[in-house]
Structures are given as structure tokens and as C-alpha cells.
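To keep things simple, chains are lettered A, B, C and D as they appear, and every chain counts its residues starting from 1.
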Amino acid sequence: MLIKLSGGTVYDPANGIDGRVMDLFIRDQHLVEPPADNEPIDQHYPLEGKVVMAGAIDLHTHIGGGKVNIARTLLPEQQPAYSRPRAGRMRSGSGGIAPSTHATGYRYAEMGYTTCFEPALLPVNARQAHMEMADTPLLDTGGYALLGNDEFLLQLIAEGAEQQTINDYVAWTLRASQCIGVKVVNPGGISAFKFNQRALDVDDVHPHYPISPRDILRTLSRALHQLGVPHPLHVHASNLGVPGNYLSTLATMDAAEGLPIHLTHIQFHSYGTEGDRKFSSCAAQIAEAVNRQANISIDVGQIMFGQTVTVSGDTMRQYANHGHAHPRKWLCMDIECEAGCGVVPFRYRDRNFVNALQWAIGLELFLLVDDPWRVFLTTDHPNGAPFTSYPHLIRLLMDRSFRNDMLARIHPDAGASSHLASLDREYSLNEIAIMTRAAPARLLGMTDYGHLAPGAVADLVVYHREGNPEQMFERPMLVFKRGEVVAREGAICASVNGSTHVVRPEYDQGIETRLAEWFARYHSMSLRNFGISDDEMADGIGSPVVIHPCASTSHP
Amino acid sequence: MWTTEPSLNQKHLTCPFCGLACDDLSITPGDRGIESLDPKCDKAKQGFRLALQAVSRGPRSNGAPVSMEVALQQSVQLLKSARAPLFAGLATDVNGMRATLELADRCGGVLDHLNGDAMFRNIRVVQDNGWVACTLSEARNRADLILIIGTQCFDRFPRFVDRVLLPRESLFSPKAGRHLVMLGPWQNNRLPATLKDYAPITLHAHPSQWADVAGMLRARLGNRPVDSGRLGGQLAEGVEELARLLREAKYSVITWSAAELTFPHAELVIERWAALARDLNQTTRSSVLPLAGNQGDITSNQVCTWQTGYPLRTSLQYGYPVHDSRLFRYQDLIENNTADLLIWISSLDPEAKPPACDLPTIVFGHPGMELGQEVEVFLPVGVPGVDHTGHGYRSDTVCTLPLGQLIERGLPSAATLLRTLLDRLGD
Amino acid sequence: MIINGVEIEDTFAEAFGMSATRLIITAINERWARIAGETMTGFATSVIGCGVEGGIESILNEADTPDGRPGVSVLLFGMSGSVLGKQLEARAGQCVLTCPTTALFSGMTDGEPLPLGKNLRYFGDGYQISKQLGDQRYWRIPVMDGEFLCQEHTTRKPAVGGGNFLVLAATQAQALTACEQAIAAIARLPGVITPFPGGIVRSGSKVGSKYKALMASTNEAYCPTLRGLVRTQLSQDTGAVLEIVINGIAEEEVGWAMRTGIQAVCELGSAQGIQRISAGNYGGKLGRYHFHLRKLLA
Amino acid sequence: MSPFVPQRLASMRPRQIAAITLHQGNRTLPAGELFDVTGSPGGRIVIQSDSELLDNIGMGMADGELMVEGQAGGYLGRGMSGGFLQVAGATGIFAGSAMSGGRILIEGNAGDLLGGAAAGERQGMRGGFLHVRGSAGDRAGDRQRRGIIVVEGNAGDYAASRMVAGTLIILGQAGHQCGLDMRRGSLILNSKPKSLPATFNVSGGHQLTFLTLLNQYLESHSAPWAFPGNSRIRRWVGDLACDGRGEILIQA
């Protein structure tokens, strides 16, 4: 099958193409060089006046694993708000803020997203996360394994284990859980909460182990660097949501000691204590630190007004916030001496000072961080808002007058205490393409994704060029998944299943001896059942793995 | 399906027959199936024995043997003409449930598990309030006080004692410092032998008193003026002692098996225990650990939840999912003639048979299942973890254990047969 | 105009727009309802010094109260809604909430809502209970003799304050007797109260004073002992003057009450020493309502 | 058969109502094939149906009058905010759940969770008047938040379970464990229930003025008085397992 896309205006920042009218060719599942003149074209799409980009990549969205299922269970009364009827072979679904898997895949694809990453995959829950993502059609997926609150690692660090041993354990975890990266959530804090500690700042000492979050951050960021894992340590920093936490965030950046580190949903970590309400924006301080340190990347975790549900591994902070639950019910879970999970439904209100300022802080961060290659468009779905609000968010970034109209509607004191009105920046289509395609692919080491050069996987999106970016990004004209048209005019027309993206750094298998002993003594399952094989991924779970290379290993 | 080497001589079998999903079992095969099982577990032994000894009589139509082809054709006809198919039983593995859901979505079916009554006693508490919960490893390594409500956990989950309550080793909570408190009608029941030496604290209380005991504890721990004496002398003293222990514990765990709470509206009682654990977290740590997962109930519920957005007792009749744990109880749908076809899926236990009823019925059954009343179509399917690989959820809803294949006797998985039906139904 | 030998002066009473509310206080018996009502409307003679003006409008029997117990109907008048609200809260809290066996209800349904139990409920310290019956909400506030039942809101609406007439008589005793007669007649009327002690005021006032701090001072033109010293309005044989001030929930009610009162006075006639009926005004510039005596009695 | 979810049913013409699509199993058919509809818009609409499976009748009803001659299924008048809904026979579970206004009169018996909270909802009935001439099932008034429920017959177990506020009156015999986890609100009983949770305390005998008001309100809605005259009642307070600010009033 040879497909020609002619005359579209292409935005492909990974290849330095910023709005060039050009032809693209797809052969089977990949983009290819223009064929010989005499080769017949099977399908031809004339795209004059249309915008063409690679399929969008969401590098931080909670779409798989136990906590999403818990959210679905906790909120049966919220689910009917969005019901998706069955249509032919397309499955039915429900749920606007915690959608069912099929509804998630369809809706993402309808918006031009072709790859999504679950950022908090508990290794012990990896099978479920991969199963849910396998049942999320049209998307390639992957996960970041949660480490840094597992008692095994904390004990290793506390004992002063060699970095090499840590590296082996990290690499083993990536292999066992079939993940592409490693995330740490409130380093040490989830574990500390199990010991009844209610707060743990970057340099506080854990109640059981003589180590601090800083030690965990340093050890893990170093491990990933030395293992050559492309995606840097993905960090949900200490003190989420606490006024004054920007200092913890700056300390977290510092703890990486210059090695690459990704700070996620940083909006929730950019709060000061100024003003009458002791709650203020520190977006400027955070953005300045990001601009200054090239080793740091962030995603924003923008909030949007309305009902949503917060799902997080950070039981310490979720428990602390349970009083804000709306509706008033919530759930926390301590999980397998490995991590935890807290689910607290939430309604952000534009007339509430704190919520309104959170909204402004997120936008300030987008606009104040200079390099679009290091700031990513997320709502931390569903924590800040459901992913379905992305087109609206894109409009907020691209259209200053629209942004100011929205600003005028929020709590007046919040508007007044934000710099947002003075920020003139408007994102260009090229910058949107960077932050939603090229940059995430690069940060994850997915060389064949997120761009449109010959050889790339043919995940691509054709947009109508509308005056209103929200309409443009809400209903693309065409979405191709691996060379097949799966959505037209914002409606799914075909369903294909995705793959699971992983990295697989090498490690000394000697670590498994130690792990086997640990599992036998303390765990409730055996080591051999912990890890997931490639065959199990492909045949049992239903999502074959795509392995991305790691950089050549550097040794300490 | 991914494969494992079919062999009985495996060192670490995973057991699909209870919600603890122990994966450290080894079978010593004998002349008549199993010589012995190590570590000892009557439930696992019985499950493996019945699975291995079962001699399938092949597909049947109204009791008469038919070819698989005929059985499938008849099933397709029944599904095509059904106006209100009911998919019940659902004792299967993850892929069996995935195929069931796809078929139910296609046919417009309603879904319920044979353990639905027990399961929804817990799920309703989560739906209405949420809770603070933990998993088996957390309880094993951290709990310094475990309150066990009811006397039947030990029959339903035989290795609960050595895997969670009194493990050989524990990271943070050595056996010596642990308090086990057992609430239930123990006067009329004998403590499990494994616990006798440990001498746990027992509180003798009939199930009808459990709500009052929980309420009294909540009131006492909240310093509200109540008279525990109303519970009666010995129980009142025990409750006062338990209140003190709960207040002083670093990490308490409250556990029960909802299947034991067979009285109506038992979710109200569970809600009280969950609220007690939640209250305790204001000053210390406490979690609930509901025991479930037998007959694959957690498994099918988890898959249903992610695929439809709702737990089981969800209807796909309207073209989109609608959930109602009271209206879509399979027993009621049969009794009030709201269903017109029963698809009964039960691959783990030959005794988990479809209910006696007048509905046309298709059974995807354990190969050893003998029906008292013959049904339109009986399709024997393999036992997950014996005849084919698969996945089963553990009680705590977090861990999905891979199930290996032990033998090859040509029995298809439920998933395989259901997918065949799907293909034949067309669009 | 002369009635029964009493001269009706050709003048008018000048009255003001006020804001009023009606409350119903019930209790175990009439005695305690009356005590609560009197206490609530005690020290409520004039807005000049009391914040509000108030009085018992009527005594209610069991059939006419919301809870089927004996009660009283109370009217309170303030110069503004906010002052009225503050005074109501203070008086309901200090005089009714505190009084044994009472309950407190709104006596009107139209007008702007005015918080009643809405604020008083906090006395319940979290143990108060809300009950909604139809579109009305009530608060049950635990107190030492049981529960204080209190409606969440009453209403306020525009009303008239300061209707008045002056009774000029030969002696102090004759003026007083005549005014008592008038008060007894007015008391039977709905929608009005006479806020001064016993319904009667002797300290008629004028605007201003030689002392800077005072807004009002004695009306020297009607003081018999100042005759000869100031420009008097009294003839030589007038021994005493007393005034009746009437507040009402509408202009008609106030006028009717003035007429009723004046007629009662005139019944005594000149034979009982009554000489003249006059009225207080400020030249017609301050108050919206003018009650011309002769028009009222025509 | 379910759900019967027309919006503003009472303001529709009978012909329009008969044309509403209902689900029966995995197919759909017009309502008129299942039952007869008569009446006029703005006036009283009468549905002749005798199915105990027709759910959600009068769901979301905001005004008008709707009469069901026969019985009704579950969730009768769910989310109703105004108007008058009358059922001649019995109804299923959750009658009046999420109701916020208007009046429902059930001449027969009601099922479990009368005025109760549906799955996941933090509140049951939120306002209005719900009157059952027959008996009610278990958990009447579960998580009720406001409004008045009167059951002239008996009530099952756990009446007023998890009640948040509001008033539930049971004139017949109430079952076991009345008021379990009641946070606030009033459960008014004509006679001793079968049992109360151990976490209710006696607060003694009282004469409560508000009961007179309640009686008058009931009288104006053609419902019998809670207690005759100004009777002395025995008051229990609880449930002290939770908030403990609820009350159970029992005629002494």
C-alpha cells in the first residue's frame, strides 16, 4: 500500500520543518522517500491548505493501572455523564473523567493522539496497567515504573549499596515491569506515610531509614543516566500542593546534581505563601530555574475548571487533601511495600481563589519557560483535568485575547495576583508541534516517532486550518495510525491495537539472587511471577513490546 | 496465548482456586492425580484434583453429545435470537472475561458474577464512601494489630494464617509483637489449629452484633458518650480492650470475607468497619483488607470496570453501559423473566453450576461439571492455570498473577470459544 | 372643627417611612407570651435612643398562632432594614430566646427576608436542628427548658412611623385619663402599635437644641411651665399636654388609629377638661406622610 | 424494561409520550406498545401500566400531574423537582431518590431504599414530600438530606440509615437497627421499633413544639398526623457511631 499526501503544510520540528508545503508518502506502516515516478499510488489525499503533523504524544496521562479502576469504582454516579454507544466493531464505553479503556483510546485518537504514557506504573501492578492499555485501542503506550518508595530500594540506599547494585535493580525493574522509564513520587514520602509520618521535605530524614528524599533523587537520577535510559528520572516532587512548596521543587532540581531530570505536573509544585491567603504563584521562580538549567524538563499539569478526580501514588498528600474531596468520598491504599495510591475526586472552581490561581500558575509556567523542547502539554489527566480539555488548553496558549477573556472570569483576587495578563506570548503551531510531538519523542528516545521523515512510523494527523485552534485540534480531518486512517473529521472509523514501548538496559543478573531471597522472605508473590515476558505481553496481555535502544552504558 | 511448558512437575504453581493466589505450590503427581501438595492447602488440593481428574464428556446439546461445530452453531443461533441475554457465572480468567465483555457488548447482554452478592457488599462501600485499604504484603510486613471479623476466612482462604497473619518473617512487625483479635461466634466454632498456639484475643459476637461492635468502637475512639455495657458484659469488656489496642497500634488492619456476611444490607456493616479504619488514620495508621477473589470474582470485576467504566452488574443492552448493582442481580433477572438467554461461564469449580431455571442456557463449564438439569448447549472449557495459561486477580485487587499450563488435553479456553462465537456472529 | 366641645386644630401629623416586621411569639400561656413580647419591645420607644420602635400589636389565642399555643403579635419598626435586622437579632436573642417556653415565628409573608433563626441558631453550638416544612425553614435550638423553636426568616416591608396627636387638657390627670381611653381603643386595632410607655409620651420634642450634642430637645411651645417665658402654643388654662405616637404597617392603619384615638378622647369632651387636639409636624418637609386631623375626622 | 426517562413527561401530549422509545432487552419499542396513555398536556396525564419492571417513571419531572394506574418499577420520580406523581399500586426500589421537590403519593407499598441514595450518591431525597400509604421496604430514607417522607404502614429494617437530615415518619411498625449511622435528621415513630443500634442514647421524654407545625404540614398534604395532639414523645439521640446529631422520636 502506497499512500500519497500532497500539498499539505507540514510542521515537523524534529526535522526543522516549520510550515513547509510538501508531499509525504506512506508505504504500509512507515513514511518513505518519494517513490519512483512510475510507481502507482494506491491512495492519494490532496491536502492543500491543510496542516500536517506527526501523531501527538502524551507523555504523562493516567490511563492504566489500578488507580484508574479505583476511580471508576469510586464514582459510578459520574460515569453516565459521558456514555459512548457501541458502533459496529467499536466498543461502547463510559466515563468523562475516568473513561473506560476503549472510550479513552477512541477519544484520544479522535484528537490526533497516537501514543500515550502511563506515568505511575507500580511494578507489582504492571500486568493490570499493561492490560488496561492493551484494551485502549489506537494508542501506542508505555509506562514509567514507580520506584523510590519501595522498601527494597530504600533499604539498599540506607545500607549504602554500590551505585552499580542500584543500577542493576533499576534495570531489572524496567525489564520486569516492561517500562520505558522510571518515576519517583514524593521520594520516600509514600513509605514514610506508612510509618505514620505526614510530611517529608527534600532534606528531611525518613522515619525508618536514615536517608532523605534528596538521597533517593540523586541515586535514581544517577542510575538512569548511567544505564543510558533516554527518559530522565520522572519526578513528582515532595510536598505536592503545599503552599511554599516551590522551595522543595528547587531543592529537587538541585538534587539531580546536573543530571537530566523531568519534573512532572510542576504546576502543583510552584506555590508560594505570599498574600492575605498565604497562597501565591512562584511560577516565575520555577520558570527561571528551568530556563537556567538545561538538564531539566517539565510538564505542566494544567488544571481546568470543573469536576475531575485526582489519582496519585502520593498517598501522603492525597490523604492530607481528602478534606477537599468533592463529592465527599475518597480512597487510599498502601500497596505491597512498594508504593501506594490515593483517589480523591475534586471540583476546581473558577470562583475559588486557590483553584483560580492554580489555573493561572499553570499558564504562567507554559508562557515563562522559553524552550518548548523542555516543557510539555499535560493536564496530568485526570488530576488537573481530563485529557479531553487539551484543545481548549492549546487555544489558551495560542490565543492571547482568548486567554485574557478567560482570565477575566476567574476569582478577581487570583487574577490580580497573577502575572498572566502581562504575558504576551502566543505559541505558534510549530511550538505546539514541538511540545506535543517532537519533544516527547526525543525525551523518551523514540527515534521513529514524533516526526515525519522517511523511516518514521506513519502516525500522523491532518488538521483543517481553523481560526480557532480549539476547533482545529478537537476535530482533525484525518488521523493515521501506522499508515491506516483511523479517524475522519473527529470520528473513529477503524480500530487498530497499539504496542508497548520499553527500554531494556543491561544489568548484572546477580541482583535477582538477592531479590529472590527478599521476595521469599517478605513478599506475597514469588520473583518468577513478578516479571512479565515478551511473549506474555504479546499473547497474554495483548500488546507486543517495541524496544527502544539505550545509550551506551557509562560507568561511575 | 503465551505458553508455559505443560508440566505437573513445576516447582512454583500458581493456584487459581482462592483469592490469595498462592504461587509457591508444588504438586507431587500420583496415580490418581495428586499425591500431595506442598505447602499444604486443602482448597488448592481439591481444586487441582477436581481439575486434573475431570474427564470431559465433550460438547453436549440438551444432554446429547454433539460435535464442537454443532454446539457452536447452536450457540450462535441462540445468541442471535436473544433479546435479553444474561452473561453470568463469569468464573474465568482475564482473557475469558475480555472475550465475554466483547460478546456481551455485541449482543447487548447483562453481566453478573456468581459471587455478585458478596462482591457488591464491598463494592457498594467503595462507591458510597471509599476506604483506606492495604494489600497482603503490607499486612504481612507492617500490621501490629489485625482484627479478623468472622470465623470463615480460614476456610475460604486457608493459607491466610501463614501468608499474612503469622508469617515466618516480617519487615517491620515481628510475630512476637503482633496482636490478633478475632471477632465472631467463636464460642460455637473452633479456632484453626494454626492459631491455637498463638492464643489470639477472641471476641464472641454473633454477626447481628458486628454493626454494634463497630459502631461502639467508632464512638469510643471518637470520645463520644456511649455505653459499651449495652453490648453485654464480656463483649463490652472486649470492645473496651480492642479500642485501647486500636488506639495504640502503629498499623492496624481490619479484615473480613464479605461472603460470610450473608444478611441483607451487610454493606452497612462493612461501611462501619471501613469508617473505623478511616477514623483511626487521624492519629495512627489503619487499613482494611477485604478478602475476596474466589471464583475469579475480582478478576472479572476488574476487567469489566476498565472496559465499561463500571463494576459488574452492568448492562450493555442499551448500546452503552448502564450499571445498577440492585437491578442487575442475575438471580433476579432470571426470576422476574427479564432475561431470555443465560450464558453461564464457570471454569474453575465443577460445582459452580448454572441455577436451575427455564431459560435457554449455554454453559461454558469446567470439564468435570455435571448438570442436574441439561441445558441447550454445554461447552466444556479448560481450567485456567491447569489447561491453559491465563491471569487471575488476587483478593487485594492489585496483583494479577500469571497462571501457567499444567497439562494438555485439548480443552479450549473460555476465551477461545467466546472469540469463535464472536467471529461467527459477524457485525 | 369642634367635637363634643373639643377643638380639632387645623394641622397635621407628619410621619415617616420606616421598615417594619411582625413577629409572633408563643408560649405555654398568654402570661409568658406577653412577658416575652413586652421584654422584646421594652426600651423601644423611639429610634432616637432605642434603635427601633416596637410594641405588642395584639394578643393571639391558640387558633391564631402557628403552633397552636397562646401568643402575642409584635411589631418592630426601624429607620432602615439593616438597623431593624440588627435590633431584631439582639432582641430576639436577649428577650425571646431567653424567655421560658417561648417560640418565635414570622408574622408576615411578604417583603424582604430578615434573618431570625438564621442567626440565632448558632446559640445551639452545633446541636441546633433545621426543619424545612414546605418552603419554610425552622430551627430547633436546644435550651434548658427544652427547645427554642424559631423560624429561619421573617420579612420586613415599608411602614409608617410617627403618626401622632396631642391632647391638651386642663389638668395633668385629665390629659392622662383621656390618653388612656385613646390607647385602649387603639390597642384593639390591627397593624399599629403605640411605642411609648403605656402608649403615651409626655416629652414631646423639637428638632435641635442649644446643646450641640443633642439632636432633639423639649418642645417648649407645649410645656405649660414655660408659658410666659417662650412663645407658647398653649392657652392660659391648659394644664398639661400628652402625645400619642402611632406606628403602623401602612398609612391607612395609622390614620385609622389616629381617628380612633382622637374620637375616644373626644368622647370625654370638654366636660372632662379636654380642650384641644393638635399634632406634631416639622412643617411638612421631613416626613412623607401627612395626616390632617380634620380630614381624618371628617 | 427500563429506563423510562422522558424529561418533563407531564408537559407532553399523550401521543408524544406513547412515541417515547423504551428499551426492552437489547431492542427498543415505543412506549405506546407497552401501556396506554391518556390525558392532556398541562392537565393530568394517566398511564395505564401494570409492570413492576417499568423503571424511572416521572424521572426529572418538574411540573404537572402524572398518574400511574397500576404499579411502577424502580426509581419512580427520580430527581423529580416539582409537580405531583401518583401511583395506584406498588413501586419498586428507590422511589423518590434524588427527588428535590414536588409530591409523590404511592397508594400501595414501596420497595427498599425509599427516597434513598443511588449507587455512589452522597445524598438521597433532597426535598419535597414523599407519601406512601402502604408499607416501605428496608432502608427508607437512606442518606436522605431534606424533605419529608411519610410511611403509613410498616417499614423494614435500617429505616433512616445514614440519614443526613430531613424527616422520616413511620406510622406502622419499624424494623431492626433504625437510624444506623444517622448523622442528623429526624426519624419519627408511632411505636417502638424492633431494635435500635447500641450507639443511640435516650434523651428522655419531651413535648416538642415543632411537632405541631409538622402535624399542620402533614394535614395540608392529606397525610395523617405524626402524633395526635401535643403528645409527649420519647427522644433517642444518635447515631454516636458517627456524627450523633440525629434523633429518633417515639410516641411514649
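By definition in this document, a contact is a pair of C-beta atoms (placed from the backbone, for glycine too) under 8 Å apart; a residue touches a chain by one contact, two chains touch by 3 or more.
Given the structure is predicted, the values throughout are model-derived calculations rather than measurements.
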item: By count of C-beta pairs in contact, the leading pair of chains; value: A-B
item: Averaged-CA centre spacing for the pair subunit D and subunit B, given as whole angstrom; value: 35
item: Length of the line joining the C-alpha centres of subunit A and subunit C, rounded to whole Å; value: 72
item: Geometric centre distance via CA averages, subunit D-subunit C, whole Å; value: 47
item: Whole-Å separation of chain centres (CA-atom averages), subunit A against subunit B; value: 34
item: Residues of subunit D whose C-beta touches two or more other chains; value: 119-122
item: Touching two or more other chains - residues of subunit B; value: 127-128, 322-323
item: Listing of all chain pairs that touch each other, if any do; value: A-B, A-D, B-D, C-D
item: Interfacial residue positions of subunit D with respect to subunit C in the complex; value: 127, 146-148, 165-167, 184, 186, 206-210, 212-214, 216-217, 220, 230, 245, 247
item: For the subunit D and subunit B complex, residues of the former touching the latter; value: 2-3, 23-27, 52-53, 55, 74, 93-94, 112-113, 117, 119-122, 138-139, 157-158, 161-162, 177, 180-181, 197-199, 201, 239-242, 244
item: Complex contacts: residues of subunit C adjacent to subunit D; value: 26, 66-69, 103, 126-127, 129-134, 138, 140, 146-147, 149
item: Subunit B residues touching subunit A - in the complex, by the definition given at the top; value: 1-3, 12, 14, 21, 23-24, 94-95, 98, 102, 105-106, 123, 126-138, 140-142, 163-164, 168-172, 250-251, 281, 284-285, 287, 302-303, 305-311, 316, 319-323, 389-391, 394, 397-402, 427
item: Subunit A residues within the subunit B interface of the complex; value: 66, 68-70, 72-76, 79-80, 83-86, 88-89, 91-95, 98-103, 122, 124-125, 127-128, 131-132, 135, 151, 193-196, 208, 319, 329-338, 343, 521-526, 528-529, 532-533, 535-536, 538-542
